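Next, two complexes with subunit A in common: one pairs it with subunit B, the other with subunit C.
Moving on, here comes the complex of A and B:
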């Protein structure tokens, strides 16, 4: 079951800060398919964004600083984003840690916040966002295919 | 065993027959017990169990049809047929029987067949090349009899199998005197595939695995042995490894986690909002600091004074203007 166009459009609306469109498209998603394809797209997008932000030359201070800056931007985010979980998720995406022991809800909830935070800092234009999502979709299809 | 004794099944015995009585061989059976064994073998080959003289034997042999092999069904020639005649294109089975006789003679010592004289044996040996081992080296030839181990355990196989003693990591040869074999190596080739088996007398183990380049059956053909998981991991691309890492560490599927994601997505919109306003905080620089000159503000008293002065000035100007107009107006 590959990633569908509707799922890509839904995530694109979220990352483009188009709230009305995002909510409309999200309501039209099939929940069973979204539980796999959309989640794989989010995971791939989060991993890609983390690699773009930190690459291979980073320190733990960079990750800690980034998570702290995200939590400082909003009272709601600071409550919903556990810094320890967020840092482990970033390290796992970069290949230097494991998420073993984290709950499924904690992993899924933190990665969407981290993903939007990473993309918001990138200030991508429309072609840049489309290119980013195209690469993430390819990677998501590999995740689903494995 | 005399020269009159027919070789019968012992001479052309199948390989399984060699392994049928390992205990007998291992104990180094004396030559006097050979006739008994001949009789048992003769039973297998439907030969009379009692000893026959040459005349009776020849009569019985001509009365019965030749013995047929199990595998190819070709006629087996008489075991006492002269080997040169067989090598010259007569009976093919007899051609192979001669070196086997010599082979058995080398491994069994006094129990070996004695039906060939030296000339016949040499002719048969030159008709069939020596058996070569897995590594290409000659392992055993009919004229290089296998050394009997000290414990009497015979390293023996059929004509398709070769044996050699293996001791430790040193390459063993059968010609090294004094080496006691701890392992027996059996090697055979069938349709281009070689098989190596090792035994210490109680257990069997396969030989070394073939090299990787030997696995392929050729271009365009399916390899006989598929690559292992470790091989696949070694050859996997970087992209697939990233996908595998994300799948293992990040990806979570299910409708329940989808709900969690959408709940947190509403909070994530805060990242696009302007940063919260706050007071500016500056860190004081290290070292001597000269504060800026203080500018006092306007208090209420000063303001009242200013207003009074302004009102007074306006009053004076109005008064002066009134007087001046009355004075010059009355004059016109």
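Moving on, here comes the complex of A and C:
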């Protein structure tokens, strides 16, 4: 089952900081479908956003500084986002670490927070966000289909 | 048991050597700690480290601090090298700094990791200290450590 338009619209609302729309769309998602398609879309978007931000020429200091800058923006985020998990997730997305041993919930929670932070820093306009999500959707469909 | 002059001197030499990158100074520091160890006069070192860390943290972040400042400072220390990033666990480091600054939170995680975080952060907190600054900080820390040891007698 590929990623649905509703799932893309839901993530788009989250990344565009349109909270009301995101909550409404999120509530309307089919729970079983979202468990796979929506989570795959988030994972693909996170991987894509991490690559865009850090590329291949990055240092651990870049990762540490980014995670800290994100956690320093809000006390709620600081408490929710475990820095060790966050750094590991970013390193894994960039191909230099494993997420073995992390729970599904810990991975998903940190992916969403990191993704929102990564995209917020990109300051994408509407076409830019659409293009980003189109690429991530394609990747997620490949993951689901593979 | 109270904190000895030799222990304070060894801490002073160690912290000064950390910031000079001089092998000779570090060797001298090792020798002082070894002499204490051989003479079985190491008791109280943990209290002195904790007290020095607490005094240095309060000097760095007083009069007010925010959780965001703590997060940024720990990231700054960890980003100094891959080795430091691996050795200094961010959660433990933030927890120890917040506790030192009076936050009412539970200590995290185990004693060993907390001690390592205190020692590594102490090095970072005292970067830029002159010998006079170190002596003044350790003088305050010694009083705090002695008070802590005295208080434990009543537990």
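Structural remarks
Assume the second predicted complex is superposed on the first by the 146 of 146 C-alpha atoms of A that agree within 3 Å, B and C clash if a C-alpha of one lies under 4 Å from a C-alpha of the other, contacts with A are read in each partner's own complex, and residues count from 1 in each chain.
Please note the rule applied: a contact is a pair of C-beta atoms (placed from the backbone, for glycine too) under 8 Å apart; a residue touches a chain by one contact, two chains touch by 3 or more.
Given the structure is predicted, the values throughout are model-derived calculations rather than measurements.
With the C-alpha superposition on subunit A as described, subunit C and subunit B fit side by side in the combined arrangement.
In the superposition on chain A, contact of A:76 is made with subunit B only, not with subunit C. Residue contacts after overlaying the shared chain place A:123 against neither subunit B nor subunit C.
When the shared chain is aligned, subunit B comes close enough to touch A:98, but subunit C does not. Once the two structures are overlaid on chain A, subunit A sits at the apex of an angle of 100° toward subunit B and subunit C, using CA centres and rounding to a multiple of 10. Superposed on chain A, the gap between subunit B and subunit C at their nearest CA atoms measures out to 9 angstrom in whole units. Residue overlap on subunit A between the subunit B contacts of one complex and the subunit C contacts of the other covers 73. Residues 59-61, 64-65, 67-69, 71-73, 75, 78, 82-84, 87 of subunit A are the ones touching subunit C in the complex. Against subunit B, in their complex, subunit A makes its touches with residues 14, 17, 19, 22, 26, 31-32, 34-36, 38-40, 42-44, 46-47, 51, 70, 73-74, 76-77, 80, 89, 92-93, 95, 98-99, 104-105, 107-113, 115-117, 120, 139, 142-143, 146. On subunit B, the positions that touch subunit A within their shared complex are 239-240, 242-247, 249-258, 260-265, 267-273, 275-276. Residue ranges of subunit C in contact with subunit A, taken from their complex: 67-69, 71-72, 74-76, 78-80, 82, 85, 89-91, 94.
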